[in-house]
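Take a look at the structures listed below.
One chain, subunit A, appears in both complexes that follow, with subunit B as partner in the first and subunit C in the second.
And then the complex of A and B:
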């Protein structure tokens, strides 16, 4: 029997909902997807609950309608400047007399790692496991191996309670439950950076409208995540102020004529702001548009370079830097990023098998949510949370009221 | 990185603690429609469950009230016991003769509805219940007609044939009645024109006047047995309450003719008893007639 799962990304410019059907063989088919403009967010955080809820609910309703089914729970993407990450480590000595590692030893190390709480008013959003170390040696699955001390690490992201609560409230208000909160950058990276790239070491930068999410992988594991409160909306704002035009026209110019770095061929070319050459319409030079965008884009990548510091090591990032998200579609942005970050940068692609209309950079997060949610991230020897298999749960699910 | 005041705890603080328990007021039209949809589904589910429960209840009631148990089993074991119960005189032996040999017939092979219908077609039988008691018992419960009078008719071979008269006016040839109890029953005398053959020619139609006089006979047998024992012949003329000439005539050993009006038999019997206790009547070995049919007046001829 197939299972229906849902994913929601409450983005700064768009709310996206996706309904997937997981087959018995574990294959995932996207059966419904919808997005709605979201006017209730600023810089990845909900500032108008009703507007954000209206956008998310409309997207969910449309996705459900398209799929011809209903979802009971969703994976929810989490982003915003309020998020902060830190590495938590825990260790445990192997308890058995023959020094053979048991599941209990791992669990003790895990408890030790997770026992540190965030400061008051903040809660953990996501714990991402890093390599397990047995006697200073990285192992995939230590259960059954001989050793004395086991170390488990988690890259743990915590966020502001109020911001998390608002996002959860948007979902619960639509009579849905949240299966898991997943960091937007990790969801995007799951989609655009395959296991090989992650093992080789790579940095995935998701250029969103309100914020820029980034995740850095070392040896296949998350080593760093971050959220920069600068996104495409800032570029639009800069254009609006720099060219003295309204934001909708600035957004139009950015999408239709924007380039991340000035092109000498644009020096003589002008473009019309409104486009219909009526009263009030005027022309601006393409170079002026590119100049404004370039300044902001350079600033953004400089912030990223500063934030990552020594982690931007070419030896550790053999997979390179991947750009995704709506902002990555801007022409020339990878060259600017490469110049500022000092490493090869390219636009991320999607794995084969995804339909072209879905395989767009702005859909990376919501698609990645489903893929990440379906994977087993538990410790070796631990089982993923079991599904509800009771009669009443099944009955409720059959009637779509579970 | 921001500075943090970390605190230690045995458990990390996760986002699940922040999940709102419920969110009743919808924040958007879509959420409202979703809540309506969910409520509708819940209502539908409740309706389905209620229908299911009602169906099960009805099914249970039907099985309980049904004379025929629903046959869920196969042929089952052969019938090895018959429980026969009656409020009359028919015996288990009579039923055995009526039914025939039971051997090698299983409980499930018996058509108990047919058995019931055929038993109720018997003249002496008023009502029958037939049921199976698993694994191998057939239970027959019967109510018989009780005779209140005997009608003696001349048979074709010039002999006599006694017909029992039940309280509802039906006539039947009784089976199994001891002669001692039959000898106590008064005889019925009626005009031959009132006696009509059945359509099959095997018996007689119900006598319409009998239900009117049956209360008198039942009352006399129950409350005035010393008088009833002496009653020999009962006849009636138009025993209809609306007919001023209607009456019931009883011939007894001591009083040759007792006339009752077909109403308020209790008062008439009280008056008769009182009258017969009077010295003048008690002293007489034979009384010509007593007429009780004139409301509060009694006409007696000694």
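And then the complex of A and C:
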């Protein structure tokens, strides 16, 4: 029997809902998808609950209608500047007398790693496992191997309770459960950076409307995640102020004529702001548009460079740097990024099998949610359900919505 | 917009048609304030006094203001504060009595102070408070340091918050955005000079509104009423046009004024002062139309003060100046209740000035009524559809929330990058 799963991304410009059907063979088929403009968010965080909820509910309703079915639970993307990531490590000595690693040893290491609680008012959103090390050697599955000491690490993202609670309430208000909270950056990367790229080491930058999400993989595992509270809305705001036009026109100019750096070939050319020759319309030079955008985009990548520091190492990033998200459609952005970051940067593509109309950069996160949700991220020997229930029970308990 | 015509304009502030009785004082505080005062050319404006206040006695001696007041002598022996605004505040507090004397009887006080400096930043809010206590209407024009001057910039913002508690309107003049003023090839110095001229224009606009008779006059009581509440955010802009369609050109330039397109500038105004100055050929209907459009652009409610002055020296040019304030905490009155509020109504001299304007007042009223009529029936006017459409779209900016700041290494990332990086955008 096939199984229906859902995914929701409460994005700053759009709320997106996706309904997927998992076949008996484990194949995923997207059967419903809808987006609704979301006016309830700023920089990846909900500022107007009603508006955000209305957008999400409308998107969910339409996605369900399209699929001809209903979902009971969804994977929910989480982003926002309130998120903070850190590496938690735990270790355990192998207990058995013959030094053979047992599931129990792994679990002890895991609970030691996760022992550290976040500050009050904050909760863990996501624990991402990093390689298991058995006596200083990276192993896929240590159970049954001979060794003395097991080390596990979790890249753990904690966030502000209030912000997480708002997002969860949007879903629970629609009488749905949340299967899991997944970091937006990791969801996007799951979609656009395949296992090979992640193993080779890659950085995925998701240029959203409200925020820019980053995830860096070393040897197939998450080594860093970050959220920069600057997104496409900032570009629109800058254009609105720099060209002295209203924001809707600034947004339109950005999408139709925006370039990440000035282009000498069409600098002299002017474009109309409203475009229908009404009174009050005027023209601006393409150079003015790209000048405004260029400064902002350069600054964004400079911040990314500063945040990553020594992690931005060509030898560790053989998979390259990939751009996705709506902002990655800006012409010339990969060249600007490459120049600032000092490494080659390219626009991310989608793996084959994703329908062309879905395979748009702004859908990377919501598509990735489903794919990530399907994969098994638990420790070897541990049932997936077991860990998940534990996590959600704790969240439900924290937020009183169980 | 050239310096020449600005100078021309000043020469018409002759004392013959000045309204007597109302007193205004322009006070420059600290280095930046003093140089702004020096840049003002209001020589023919008899009722407007100029006062320079500084800790640095040498800078004071070089200033051309008619009155001077040195503060903080005990602490600095006549030298500057070296950026220590707490010291300047203390110095101003200690000289309270002499400052009060200088403010005595003033109806309008213009404060010019660079908030990034010690003296300007520290003393200006004290002077603003004293001026409000003395019953004056206080307008402050404040240059702010570049945002890359991180420490100073942060200090300036604190000073501005403090100043907003007392002044009726605080117009920020951020150095970042001053670079956007002027032509594409203008140097930084030229931009600053241009900005200084614009401040002068703003001040002369308010002065001429108060002191001169014009085509459409509004008396001081109206101005006071409109700006009675303490200022949240303000807007200040100017535009100038020439030729047959001068008003329309001026309006267009006004809407493009860089001073109106800053993160800290309000997009709507609860209180709005509009002053249009034009040559003898300025038509009444065009004026009405312009006033209406400005009013709608800034969503100004009932508190609009509209004045129009004819000035033969303007030829076929028209100049529009707007000054607006938005009260973020609607209904909150100034921390210091202006004691003279009732008094001013009772003062014989202000009554007189009130009466002297009765003739022109009906015109002002009919303009208001007229605009209301056109407002209801405006859909028939092709000319206006654009503006109506734009008005609906003119919501608050994406990052309009002043309370939250998106700080990264001391810079607010919500402020446009080109402003913070000093990149000039040619519009």
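By our rule, the second predicted complex is superposed on the first by the 385 of 402 C-alpha atoms of A that agree within 3 Å, B and C clash if a C-alpha of one lies under 4 Å from a C-alpha of the other, contacts with A are read in each partner's own complex, and residues count from 1 in each chain.
The definition used in the following text is that a contact is a pair of C-beta atoms (placed from the backbone, for glycine too) under 8 Å apart; a residue touches a chain by one contact, two chains touch by 3 or more.
As the structure is a prediction and not an experimental result, all values here were calculated from the model.
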Could you classify subunit B and subunit C on subunit A, in the superposed arrangement, as clash or fit? fit
Give one of first, second, both or neither to describe whether A:205 is in contact with subunit B, with subunit C, with both, or with none. neither
After lining up the shared chain so the two structures overlap, which partner does A:227 touch, if you call subunit B first and subunit C second: first, second, both or neither? neither
Please work out whether A:244 is in contact with subunit B alone, subunit C alone, both, or neither, and reply first, second, both or neither. second
Quick one: is A:288 in contact with subunit B, with subunit C, with both, or with neither? Answer first, second, both or neither. second
Between subunit B (first) and subunit C (second), which, if any, makes contact with A:214: first, second, both or neither? neither
Between subunit B and subunit C, whom does A:174 touch in the aligned arrangement: first, second, both, or neither? first
Contact-wise, after the overlay, does A:125 reach subunit B, subunit C, both or neither (first, second, both, neither)? first
After lining up the shared chain so the two structures overlap, which partner does A:330 touch, if you call subunit B first and subunit C second: first, second, both or neither? neither
Least C-alpha distance (whole Å) that remains between subunit C and subunit B when both complexes are overlaid: 11
Share the list of subunit A residues that count as touching for subunit B in one structure and for subunit C in the other. none
What part of subunit A is in contact with subunit B in the complex they form? 49-50, 53-54, 57-58, 60-61, 70, 84, 86, 111, 114-120, 122-125, 127, 156, 159, 161, 164-165, 168-170, 172-175, 177-178, 181, 395, 399-401
Which positions of subunit A touch subunit C when the two form their complex? 42-43, 81, 229-230, 233-234, 236-238, 240-244, 246-248, 274, 278-282, 284-285, 287-288, 291-292, 295-296, 298-299, 303, 306
If we count contacts the way the header does, which residues on subunit C are in touch with subunit A in the complex? 180, 252, 255-258, 260-263, 382-383, 385-387, 389-390, 393-395, 397-399, 401, 406, 408-409, 413-414, 416-419, 421, 423, 425-427
Could you please specify the touching residues of subunit B with respect to subunit A in the complex? 1-2, 4-15, 17-20, 22-23, 25-31, 33-35, 37-38, 41-42, 44-45
